[in-house]
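Multiple structures are listed underneath, in structure tokens.
Okay, so chain A shows up in both of these, paired with chain B first and chain C after.
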Partner chain A sequence: MAERIAIVGVGQTHHKSKRPDVTTAEMCAEAVERCLEDAQMSMKDIDNIIMGSFEVADGYYSPDKWIIPELGAVGKSGLEMQNVGTTGGVVAATGFNIAATGLFDAVLCLAWQKMDEAAGAFGRGGGGTNEYWTGQFPMSPITNFARRAYAYMDRSGCTEEHFAMVRVKQDQCAMKNEYAQLKLGLTLEQVMNDALLAWPIRRLHMCPTTAGAAACIVCPEEKAKKVTNKPVWVEDWFTCHQGGSLTMAEDPTSSTLAYASHLVYKRNGITNPPKDIQAWEVYEPASPAELRWIEEVGLCEDYTAWKLFEQNKVGIDKEIPFNPSGGVTATNPIGATPVVRLVEAVLQVRGDAGEHQIPGTINRALATGYGGQGENVIMLLRKTL
Partner chain B sequence: MTQNLPEIPDTLVNVDVIGYSNFLVNTGATGTKFLKEIRDNKKIMGIKCPSCGKVYVPPRLHCPTCFARMSEWVKLSGKGSLTSYTVVRYEEPYLPKQPPFAYGIIQMDSADTGMAHFLGEVDLDKIKIGMRLEPVFKEEREGSILDIDYFKPSS
Partner chain C sequence: MTTEQKQDPEFIQFRYPRDVTYHHALGYQSKFANGLKQGRILATKCPVDGRCTIPPRIVCPMHHVRQTEWVDQGQRGRLISAFKINFPMFNSRTGELQTWENPIIAVELEGGARMDGWCMETDTSKLKTGMLLEAVWRPEEERQGRADDIMYWKPIEE
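Here is the complex of A and B:
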């Protein structure tokens, strides 16, 4: 029988486009120091560490060799993982799995990305790093989301202006988040007239390159209750991998998000997502993706999410509190981004999100990680068991 | 178990794929101070843990044992002892020098850690573990660990 598990502490760096003042390891230590402080624990209390980044976008391999010493964590059990954008998601999911064995008291999940050192490498992320059949074409996040966004327009009837509405909402949320990177005070006109990358994707629609790290500490029930009076329970989690040519033929607008989220809903008795879940932190690498993601997680019918933006129903204090942190188009330390989503969801459940706190009680929150062309990690949190 | 394997042709197609671009490495505030001392003053500095007192060369921000932030810099003589070494006699495109050449781990006097570097001005057959070494700095220094050209035997 698996242990019930809870997150007892979270921490993240102030995300920036460049962090020349720290090494990758020092940046990770910054997030870990904040996480330990939040949990009121010390490194001595941690007995397992799960860590990772999207290695290609960092330019290093096996960075655990020098990050673990920087964390004062030599000799502790653990794993290093990497899985492109979902890295933080598989880091967290693995941390949950390990905590649920009850073999360890406190599992530290750490993810990071320092793109100021290797952003050029990620530009080729769809190239040499991918399956040969798609890798030889410019299947970067930009072109992939352009392809998907146009297919979405074609099917839904929405216009470029709706994508701009999404971007402005994302920015309005980020403006209230002290950890967010891009806080631009955008207008619809600015987004509509921004530089075109691959129609209909404009520069402002895409996630930025970010240097940042995020961490959380997961404990089995008994330990969690000793450590904090505000544990956030991890109700369920699920990782789903897909990509390549099969994904492209099926539904060009879609990912595995609908499948993965509804699987988790089903096994936790969630029948009405907009009512049963009060906070959403969903990994949306491009503004147009947010529309389809809102539909895939079950907040409205397929191809209608753009109408919610037209009706001004999405925002921190609105009917659909989707990505109150500002999300991924404001901040994207790729490998760390799913853990940033998780950290933000934990803060929402605890009521500690500050200026971007969703009003009212948050009983359940959903955080996700996204990567490649269709991978998703679902992390479902709960205030009380 | 019987597997229906595809027939393997005499010649298989392999395709060259362009690799990644170059990477920038941020050495951070701590690494930068270390490199600037080498570049500007030909000095090798260590950093001391406020908790356990260990001295790290090259420096780092946190003590690997205590996870304490370190900020106390220690001036070192630059002299040290060779703790281990190897002589490279094979050729590969990525090697930093034309073989044969030697590199080793040097423990600076007053430091608790080892530092990797090349060995020079030495008969490759007469290198000995424990031998005393001192740094030779390049004339033109740009802020790099290679501003130290190599370590040579010290009298």
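Here is the complex of A and C:
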């Protein structure tokens, strides 16, 4: 029988485009220090560490050999893993799995990316869903989301102006988040006139390259209750991979988000997502994707989310409180990005999100990780058991 | 002559250039690559639901059964999606940065499989989902079993 588990502490760096002042390991130590402080724990309380980044974008392999000593964590049990954009998601999900065994008291989940050191590695392609085939096309997150955005416009009837509305909303949220990287004070006109990368995707639509790290500590129920009076319960989690299989992507706008989120809803008795979940931190690598993701998690009918932006219904204090942190288009330390979503969701449930706190009680929050051609990790949190 | 000394930066970054060439095996997909050299588009077919897949897979991703049947997908298909790149990206054939004039598209072939390719029409406003397209191949002697053995997909009047 699995143990019930809770997140007892979270921490992240102030995300920036460049961090020449620290090594990757030092940057990780920053996030871990903040996480331990938040949990009021020390490294001696941690007995398992799950960690990871997107190794190609870091430029070295087996980073745990370097980072663990810098964290003062030599001799502890743990795993290092990588899964491109979903890395932080599989780090967290694996940490949840391990904590749920009840074999460990406190599992530290750490993810990072220092994209100022090898951002170009990403643009070189390779890998993806099939090394032989997709590796031959000039594919990148930009082109991936250009394809999705074109197909979305074609099917929904929305225009480029709606994509700009999404970007402005994301920026308005980021402006309130002290940890966010891009805080630009954008107008619709600025977004509409920004440099075109791959039609209809403009530079401002895309997530930036970021240096940053994020961490959380997960404990089984008994330990969690001893450590904190504000545990955030991990109700469920699910990692869904598909490798771009067209059998799961009949519609080029779609990802596995609808499949994965509704699977989690079903096994947790969630029948009305807009009512049952009060905070959403959903990994949107590009502004137009947020429209489709809002639909896929069940907040409105397919191809209608753009109307919610037209009606000004999406925002921190609006009907649809979606991505109150400012989201991935403001901050994207890629391997860590799903943990940044998780950290925000935890803060929202605790009521600790400060200026970007969603009004009212947050009983449930949903955070996700996204990667590749539509992989998703779902993390469902609860205030009370 | 100035005696002013150049100040060292407080934090230093080292540069580590790396140039690695990989040699990846195509395995089961070799039949598909050889088909391209012959001007044919071959896909694997799932014995359970009949779905054809490109790139070919030895096992159906949904039904977990061996896919031993190969189906010629024909030379025509319909447009599913398109995008155009406005910045230089790497060409895996040359390893160099390149600008891409032709939109990258996804096509649903007559045989039911879907594949990526480049479109001959460069004006994206003229690309409509569902439009009919036909493969335009490189001369046979230039084909290498690669995606750009099909140079373009040409729009066909209906």
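Just so it is clear, the second predicted complex is superposed on the first by the 374 of 385 C-alpha atoms of A that agree within 3 Å, B and C clash if a C-alpha of one lies under 4 Å from a C-alpha of the other, contacts with A are read in each partner's own complex, and residues count from 1 in each chain.
In the analysis below, a contact is a pair of C-beta atoms (placed from the backbone, for glycine too) under 8 Å apart; a residue touches a chain by one contact, two chains touch by 3 or more.
Keep in mind it's a predicted model, so treat the numbers as computed, not measured.
Q: Is A:Pro20 touching anything from chain B or chain C once the two structures are fitted on A? First, second, both or neither.
A: Both partners, chain B and chain C.
Q: Look at A:Trp199 in the shared chain and tell me whether it touches chain B only, chain C only, both, or neither; answer first, second, both or neither.
A: In the superposed model, A:Trp199 contacts chain C only, not chain B.
Q: Once the structures are superposed on A, label A:Asp276 by its partner contacts, choosing first (chain B), second (chain C), both or neither.
A: neither
Q: Is A:Ala151 touching the first partner chain B, the second partner chain C, both, or neither of them?
A: second
Q: Looking at A:Ala29 after the superposition, I want to know if it touches chain B, chain C, both of them or none. Which is it: first, second, both, neither?
A: Touch partner of A:Ala29: chain B, not chain C.
Q: Report for A:Gly72: first if it touches chain B alone, second if chain C alone, otherwise both or neither.
A: first
Q: Quick check on the superposed pair: does A:Asp302 touch chain B, chain C, both, or neither? Answer first, second, both or neither.
A: A:Asp302 sits against neither chain B nor chain C.
Q: Would you check which partner chain A:Lys114 touches, where first means chain B only, second means chain C only, and both and neither mean what they say?
A: first
Q: In the superposed arrangement, which partner chain does A:Gly59 touch: chain B (first), chain C (second), both, or neither?
A: Touch partners of A:Gly59: chain B and chain C.
Q: Which parts of chain A are touched by chain B and by chain C alike?
A: Shared contact residues on chain A (touching chain B in one complex, chain C in the other): 20-21, 59, 117, 123-124, 132, 135-136.
Q: Under the touch definition given earlier, write down the residues of chain A that touch chain B in their complex.
A: Interface residues on chain A, with respect to chain B: 19-26, 29, 42-43, 56, 59, 68-74, 114, 116-118, 120-121, 123-124, 127-128, 132, 135-136.
Q: Which residues of chain C touch chain A in their complex?
A: For chain C paired with chain A, touching residues are 10-11, 13, 16, 18, 22, 24, 26, 29, 33, 51, 53-55, 60-62, 80-87, 89-93, 98, 100, 104, 106, 114, 116, 124, 129, 146-148.
Q: What part of chain A is in contact with chain C in the complex they form?
A: For chain A paired with chain C, touching residues are 20-21, 59, 117, 123-126, 130-138, 140, 142-143, 146-151, 154-155, 195-199, 201, 242-243, 245-248, 252.
Q: For a test of understanding, state which residues of chain B touch chain A in their complex under the given definition.
A: 15, 17-31, 60-68
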